[in-house]
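The following blocks contain the structures, represented as structure tokens.
In what follows, chain A forms one complex with chain B and a second complex with chain C.
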Partner chain A sequence: MTTVLYPVLFGILILVLWQTKTLHAILHTDTFTLPLPGRINAIIADNFPTILGNTIVTVRVAILGLLIGSAAGYLIAVLVVIFPTLGQGALAVTSVFTAIPIVALAPVMNNWTKDVSGVVSVRSAVSKIIVVALVCMANMSINAYRGLTEVKPFSEDLMKVLAAKPVKMFTKLRIPNSVPYIFTALKVGVPSSIITTIVSEYFAEYLMGIGRQIKENILMAQYAAAWAYIVTACVIGIALYALLMVVQALVMRNRKAR
Partner chain B sequence: MKKIVKTRWFSILFWVVILAAVWEAAAFHVAATKRNPENILPHLYQIIAAAFSTQKVNQSMTATQLVLSSAATTVFRAALGFAIGVASGFVLALLMNLSGIIEKIAFPYLMIIQMIPILGMAPIILSITGSINVSRILIAAILTFYPVATNTLAGFKSVEKEKYELMASYAAKKRSLYTKVLIPQCIPYFFTGMKISAPMAITAAILVDTLQGDGGLGCVLSQSLRHAMSISVFWLIVFFSAFLGIISWKLMGWLEVMFTPQKRHLSKKKQTDGKDVELCTKEKNRSGKSFLKAGVLQR
Partner chain C sequence: MTTEENSRNEVEISIEDLDVTFHDNSGNEVRALEGVSLDIRKGEFISLVGPSGCGKTTLLRTIADLQKPTDGMIHVAGRLPREERLMQKFGIVFQQPVLFDWRTVQKNVELPLELMYYSRKDRHQRAKDMLEMVGLSDFADSYPSQLSGGMQQRVNIARAFAIRPEILLMDEPFSALDEFTKEKLHEDLLRMWRQTNKTVIFVTHNIQEAVFLSDRICVLSPHPGRLSAIVDVTLNRPRTAEMKYTPEFNSLVEKVRNSFEGGSI
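Coming up: the complex of A and B.
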């Protein structure tokens, strides 16, 4: 009971402080840079179609990038299990990609994808998707590799004793074992894919997308509108995370025994 | 010979060579088809040549000098923010472990914080604080704070019940319970948090640089993207910031080995490198989180 009550009370306290401008006094700021929650809500309600359009652009990039990157990462992990000698190095090189700052990756990708399509929205989306995919790929490949190799003790030996073919080894043992690890990777991947999308939108050519709108509105000193997009971004993040939790519960419903 | 082929370093080198070869092949293709190949994909030797050239890119500095001096500005702020974030993350985890009420209040918000696009909020934080330096430090600190706090908390929660019972049977004070058991046990988790957040702090500092023109890597990056100076500076910065991100992550691994003697022993014995060990702690971390939920329920 108190587990729910305390955080909710804390949230209400912050909102009240914010709405009564006490928060502004603490932070030495004004309602121009930090608009009241009521005003942000009103802006979201008034501009709902525009915000929705930008949201779709961002969410599409984030999800496609996450899926492509995760699939590629999983494939890498499978290949590493099959070819362990050279694979170890590939895993290390992939993991290095997570450490590369997005700010360095995004402009490079913009340059590389200039010829993909004549349409700005398409080539811009492709460049953003590649950045998101690269960031998610490393995370997935490391987790999936662990899921594919850290099987229950002796189960690998049992498969060998039963003269299981390598393909059977994958379909019956390794891949089922890796499912919880996939979700571990996705839990990190969902927030990071959204943040990566938003940051790479700062550098993108195409003018749609939540990150781009935050930047444009701030350049035009419309902080209230920028806040509306920030709130939207948080809502997207929480919604996608909740969706992931539902999918996880559905997929893993028969695995409670673990 | 066969032994060399089997080592980890050989396979890493193998892939680095392949990546370089793919880059070069693409660079030849771009050079043959594009009017300004250096904007899209310069040859690797061109980038290296730019790093060692003595030609000045602005009034006073060569490309390398410019990149290094602006990197010093960026890294200093990133490091300061990182240190503040690590300290406050650790303190919050400690407080959450000490007090059930604080834990109940803060835990859901720790989950929500990672959904807030802090990097997207950079311009707003800039206008609230009014100073680019303060906001740079602040954003690096916020980004660092979350992974350190959650990982450290998971570390505290990973302490087995038997250890508590043992300490209770010694009639140990709370203080010695923390200094002898809880804090030593959470150190690997704490370092996992730092490894995740160190490259993030660098990214944050570079991104905040792009907002205002007072030096720093990001500022020079956006200038060279607009062709205000030689494009080779852009490529140097891309490679150098990638290098910074990787080195900051490695540095945390080295620090961890320095502070945990048992790990040093392990790495000597099994030749496991930092990566594998880090993964182990991540795994423990996961079970730590479920343990944590159990802990909440028990109370």
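Coming up: the complex of A and C.
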């Protein structure tokens, strides 16, 4: 209970400091650069359909990128377990992708995908999804590899003595064992997919998307509108994380504390 | 000689001049076993006893095809260990309980049956019978983490018996348990062994335990691991806890202890 209560209380404290301009005093800033929560709230209410439209574009890219990247990462981990000598190199190469800044990756992918579709929104989405997928892939492959290999001592010996075929070694032992590790990867993957989507949108061809709106509004010095989108991005992040927690609780409901 | 006695005298596992050498993590050559020859009879309860490093676990693992012999031969029912393993003729219980914590107790016992493609109904019934045999029927739907160490090890025994293995391999299965649980499980194991008439190979470093359970005790000595003596346990069956206080029991314990090369340990 306190795990929910304390963050909420802390959030309320920040809001109070913000609305009473105490925060502005601390940060030596003004209400133009850092608009008051009441004003941000009013903008969100007034422009709700527009904000929702942009939110859908962003969430779609983030979720598809996360799912495709995580699936690819998991597959890589499975291949590394099957072909260990080739695999260690593959894992290293995958993690190199996380070291490439998104700002460098996004324009490359924009160029690469320019002939994918005649529709701007589609080819722009494909480009952004690839960037998000690449970022999520390495994280999943490393966690999944641990989940597939860090089994209880003697589990593999037991399966061998019971004449388990290699496929059964995966379906009955390695894959079930990797489930908690998948969630570990997704807990990092959810926030990073949203951030990656937003940053990719700065460079995207298509003009819809939260990241794009933040950039445009800041360029036009419309800080209150920019903050409305920043708040929306935070809400999306919290909502998706909460959704992940619910799914985890459902999937792992039978696994008691170890 | 009756047919029953005939089958009791039949050799189930024949080990001839077995050498096992492997390399440890730092690359040093370890001569785990050297020149071990042993015949194990069908339905026999045999213990492998010795200090750590004597190769008793290696011998068990080599029989189970978890370790390859470097030299010499092992035959199990006239076949190679690998062939027997692939026919699921071995049941195994390790020192620590190996239960999958995403499966209920019932489903853990069903695991070996799933691997042999038993029908859902047969699996369920067999696992139910096994859990009843180890006295855990009420915990069928519990998860391993909800069970005590002793109960978890009983689930392991139930799982090992579930496939009705010809040979039951036990690697210090009770060493991590308290004395009370251990004594209870000794009696359970002997009862199940009597009912099913399996060949049991039991690894332990506890001489009392070996004397109480076994028909014969193989004493192994370390560096390199080799068979230094075989002691026949002449105690009557069924064994009872009271036997542990008889002079005969104590003299057998003494005999095993004195069989270690270089005297007592």
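Following the convention adopted for this analysis, the second predicted complex is superposed on the first by the 244 of 258 C-alpha atoms of A that agree within 3 Å, B and C clash if a C-alpha of one lies under 4 Å from a C-alpha of the other, contacts with A are read in each partner's own complex, and residues count from 1 in each chain.
As a working rule, a contact is a pair of C-beta atoms (placed from the backbone, for glycine too) under 8 Å apart; a residue touches a chain by one contact, two chains touch by 3 or more.
Note that the structure is predicted; figures quoted are calculated from it, not measured.
Peer 1: So if we stack both complexes on chain A, do chain B and chain C clash, or do they fit?
Peer 2: fit
Peer 1: So in the superposed three-chain picture, is A:Y241 touching just chain B, just chain C, both, or none of them (first/second/both/neither)?
Peer 2: After superposing on A, A:Y241 lies in contact with chain B but is clear of chain C.
Peer 1: Decide which partner touches more residues of chain A, taking chain B and chain C as the two options.
Peer 2: Partner touching more chain A residues in the overlay: B.
Peer 1: After the superposition on A, what does A:V96 contact: first (chain B), second (chain C), both or neither?
Peer 2: first
Peer 1: For A:P7, using the defined touch cut-off, is the partner it touches chain B, chain C, both, or neither? Pick first, second, both or neither.
Peer 2: first
Peer 1: Should A:T29 be classified as contacting the first partner (chain B), the second (chain C), both, or neither?
Peer 2: A:T29: touches chain B, not chain C.
Peer 1: Once the two complexes are aligned on their shared chain, state how close chain B comes to chain C by Cα atoms, in whole Å.
Peer 2: 7
Peer 1: Using the touch definition from the top, list the residues of chain C that touch chain A in their complex.
Peer 2: Going by the criterion above, the answer is residues 61, 64-66, 85-88, 90-92, 94, 96, 98, 100-104, 111-112, 114-116, 143, 145-146, 163, 169.
Peer 1: For the complex, which residues does chain B have touching chain A?
Peer 2: Spelled out, the residues of chain B in touch with chain A are 5-6, 8-16, 19, 39-41, 101, 104-105, 107-109, 112, 114-121, 123-124, 127-128, 199, 202-203, 206-207, 210, 218, 221, 225, 234, 237-238, 241-242, 244-246, 248-249, 275, 279, 283, 286, 296.
Peer 1: Within their complex, state which residues of chain A touch chain B.
Peer 2: 2-3, 6-7, 10-11, 27, 29, 33-34, 85-90, 92-93, 95-96, 98-104, 107-108, 111-112, 114, 142, 146, 150, 184, 191, 194-195, 198-199, 202, 210-211, 214-215, 218, 223, 226-227, 229-230, 233-234, 237-238, 241
Peer 1: Could you please specify the touching residues of chain A with respect to chain C in the complex?
Peer 2: Against chain C, chain A makes touches at 152-155, 157-165, 168, 172-173, 176-177, 179, 254-258.
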